[in-house]
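To keep things clear, I will list the structure first and then write my remarks on it.
Every chain is named by a letter (A, B and C) in the order it is written, and numbering of its residues begins at 1.
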Amino acid sequence: MSRPRLTAARVAMHAVLLAAAAAFLFPFAWIALAAFKTQIALLVGQILFTPVLSNFEELLFSKTSRFLENFGNSLIVGGCSTALVLAAGSLAAYSLHRMRWPAGFTHALLLWAAIFHMLPPITMVGAWFFMFRTVGLDNTYLGLILAHVTLNLPLAIWLLSVSVREIPREIEEAAWVDGASTPVIISRIILPLIRPGLTAAAILVFIFSWNEFTVAVNLTQNETQTVPVAIAKFAQEHEVKYTAMAAGSTLSLIPALLLLLLGQRFIVRGLVAGAIK
Amino acid sequence: MRRGGAFTGYLRSALVAVGVLAALIVDGPPAWAAVKVEPIAVNINQSPWFDGFRKLVELYEKDTGNAVKLNVNPYLGSLEASRNSVRANEGFAHLLVVDNNWVVEFYAGGFLTPLTDLDPRFALEDGVNTYDDTIFWDGQARTFNRKTGKLLGVPINGNVEVVFYREDLYKEKGLKVPDTWDELMANAKALHDPPRRYGIVHYDDRNFVASNFVAYNFSFGGGIFRSPETADFTVTINGPNTLRAFEFYRELGRAAGHPSVGSISQGQAIEALVTGKAAHIVAVIAAWGQVDDPNKSVVVDKVNAALIPKGPTGIRASRAGHWIGVIPRNVPEAKKRAALEFLRWFQQREIQVKYTDFGAVPVRWDVAQSDLAKQRKFRFLPALAENSKIAKMPFPLAEARQVTEILNLRLNEAITGAQSSKSALNTSASEIHEVLRNAGYKTGKLPDLK
Amino acid sequence: MQPGPAEDRFWRYATIAPALLVFLVFTVLPIANLVALSLHDVKWIEGRARWTPVGLRHYLALPADGTYLAGVRNTLVFAVTAVSSQMLLGFMLALFTSKAVRGRLFYRTVFIIPILIPGIVIGAIWKLMYNFDFGVINQALGAVGIPPQDWLGTQTWALPAVVVVDVWHWTPFCFLLLLAGLESLPQDIYESARVDGTSAWQELRCITLPLMVPTLLVTLLFRLIVAFKVFDEVFLLTSGGPGKATEVISFTIYRRFFTEGREGFGAAMSLVTIFAIALVTILVLAAARRRETHA
């Protein structure tokens, strides 16, 4: 594809994008810089300051902080719950729209998923804690993973429904007639075609699981606490340790950013593949 | 064997027993001695004083060989953690450290084991503060009462309100530590220099105004209920003394306070102090950890703490913001006894001195008489000790949170001008009265303020 | 019947089973519990919960709760202004990003960043930015001679200030989904349109927007649902104040259900809110489907 002409419209478009990028980046930069300030420097709003590493030291090495452990916990919970949600969600989306279930069933399930998504988490955690403790799943990875899967499945199913419905039926029927089995159709045809939706869903679900607080704080204790719980420990009763929080959230961005960059390449490859097809 | 010898033996034993009994009656229960008990888990929240607690626990483990596991929760999440533990069939924490605002829920719900049920000889040592008797609960009257209630907990963090003031500015302007509220107002006005510095910063936002107002309310002779100790919960919030206190509180804010009215949290008021913007704040001593830390404050070594001033009739009152260690019912007996052993060890004077040295807030007033108080670093100890004795917990009932929410909303509305002081107090009174009536307390209401 | 995998009975059930299982096991109990709670008064006595049935008393008490009514009003205002700005902004940025050839990766990454940050950190840092004495916003205004404003403390500015934070926080959500939607649109239609000489504006109106309707709807739906659950920002920035200016429903529910421990009343409040949102959702989706079949 040739380079587009440098019209006034294009310049204006880029100007808008850059302005928006600046607006989005500024508060983020404030947070990232705060990680290197002393608390007092941040409180008085110093713009020029002497950077310190004490916040990261407190976060990673102090006796009251288990951040690396929490980080690892979040990776395990986030990774597993995202994988499970994508698997269950994509299968369910395909099933609901291509397996000829009665329309009432499909709508009922989608509606139930949306309604569950509307519940404020604080009204659920009591019941969940009771359930999980009864079977001994409180303070375990599995418990929190299952909880996060439940929380994020509605979004995944709805998103992937949109993607699945865009796939032309003829492709599937042709493959079926050619003798391909259902698993083959799903893995070789459906999944590659919903790559952008799948990637977007993966990124969002991972982020939501990574940042989830209310359920995590109820279902975990020291050994299984995740990053948001660790960061929340800096919001104390009479003092908010802003700079330590900033340090924690700067570090906690890394997995999601990596996933994002990975996802971009995945999509681009998919788009090219789609074009070639 | 001669019969006389056996008899003498018995007599000797009897004399020894009488002697021991006499010693017990005269000297009280025997001093604490190390006992080997089961390991326990403690629910506690992350806070500035947590590190002090953690170091103390390490000391306990070294001294006694008993293991203590700390379940550390963020402050936002500590209530859930303790609630979940007590409501389950078997709890996962054997000692819960709970904020005094939430502890009533645990008392009233019957989730706890009275300490004297575990060991009838257990008693609080003399030097320990009782913080408005918040550790004694009378299940019948459903309120705090030292005489008719049972001992349900030991304070773990002695957090109470004090007056923080800028000692350096006082020296500069030749001011004296205020004894009455009017003197405080005068000092605040003298140091009021906006926008560089405000005389005093109130924390009067939606979450905290009722707390900030407690010291003023009670020292002016006002209150919220007529006489909770006698289970008389007649609502008196809209009485003339309270009105006077509230008008004073507002006037102080107007004359020498921050221009941002009705939206400052306690944390922000403390931030104002450490950034040099506030010459006074009336806040909890837990803020002390920030004032002398060069990474957190520009007023290092310039601040001191004082006793909260007295009201027009000479009454003094501070606000209790302490945390209490309580023992749940739904754990095995052996674990409960182990938790009690920790509490027994914890309340000793030498231990409390070490606790203070580690950076926590002591729960004994006699720590102020130790050598520690002579150090510049611990110059707040005398004020802390005095304020601890007059600390009030204004909501001594199971519906504490509901009452607090009502008061916070209405007082905040009055502060921001959405309604007048009188109408805010009247509305609060009728709403609180409604809650108490529905809950079955002996209650009534004062006639509306005109 | 047309041929297709739907004939494969085993896989028909196997594909729906995992999701169905998750819903049955984990979602039924909390919702049933909430419904039951809303019809009872729960008191904890002697360490046990005592449930006293009270019929519809909690539901009938809702209109009398002034804070709840203020919450409904504020939440509606909040949801409409915040969500519409985010959808518009997100769509515009997604559209431009999809057309940009240079710097695409940069824009994609930058526009997602806010949603990577935990809500508690966003609330805390923005509170500092809005700070009257030291906040960077007032500092910037001061540099051009404008006096400091009390952003979070006045009735006029408090809700807009919270909306700004929400827009910053959640536009990435819309951006990400809408961009994914735009990138899955079939490119051949655009090729033929370009050959026919349609303008960019016509392309947007007649091709892009109609094709994007499903994605727009789902994004809008989920964004709205999350907007009604908004909590972190409000909690840290204003706690519902000053007065009731930023009181939102989720915060009132938190207060009644959790802080005050009135679980029956809080449950009723929660269910009424969900019912209202669900009703609106069904109506909007039904209307959209009718337009789809007409088109």
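As a working rule, a contact is a pair of C-beta atoms (placed from the backbone, for glycine too) under 8 Å apart; a residue touches a chain by one contact, two chains touch by 3 or more.
Not measured: the values here are computed from a predicted model.
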Touch-based graph of the chains, sorted into line, ring, star, complete or other: complete
Interface with more contacting C-beta pairs, comparing B-C to A-B: A-B
Inter-centroid spacing, chain C versus chain A (mean Cα positions, whole Å): 15
Distance between chain centroids, defined by C-alpha means - chain A, chain B (Å): 41
Residue list for chain B, restricted to those that touch at least two other chains: 76, 87, 275
Residues of chain C engaged with two or more neighbouring chains: 120, 131, 134
Residue numbers of chain A (touch at least two other chains): 43-44, 126, 232, 235, 240
Complex contacts: residues of chain B adjacent to chain A: 45-48, 50-51, 54, 69-77, 80-81, 84, 87-89, 92, 99, 266-267, 270-271, 274-275, 283-284, 286-287, 289-290, 294-298
Residues on chain A engaged by chain B in the complex (per definition of touch): 38-40, 43-44, 52, 54, 63-64, 125-126, 129-130, 133, 138-139, 217-218, 221-222, 229, 232-240
Residue numbers on chain C that touch chain A, as the complex places them: 2-6, 8, 11-12, 14-16, 18-20, 22-23, 26-27, 29-31, 33-34, 89, 92-93, 96-97, 99-101, 103, 105-121, 124-126, 128-129, 131, 134-136, 139, 168, 171, 173, 176-177, 179-181, 183-184, 187, 200, 214-215, 218, 221-222, 225, 228-229, 231-232, 236, 250, 253-254, 257-258, 263, 266-267, 270, 273-274, 277-278, 281-282
Interface residues, chain A side, partner chain C - complex: 3-4, 9, 13-14, 16-17, 20-21, 23-25, 27-28, 30-31, 34, 42-45, 47, 87-89, 91-92, 94-96, 98-101, 109, 111-124, 126-128, 131, 146-147, 149-150, 153, 155, 157-159, 161-163, 165-166, 169, 172-173, 176-177, 181-183, 185-186, 194, 196-197, 199-200, 203-204, 207, 211, 213, 227-228, 231-232, 235, 240, 242, 245-246, 248-249, 252-253, 256-257, 260-261, 264, 267, 271, 275
Complex interface listing, chain C residues touching chain B: 44-49, 67, 120, 131-134, 148, 150, 152-153, 155, 158, 238-244, 255, 259-262
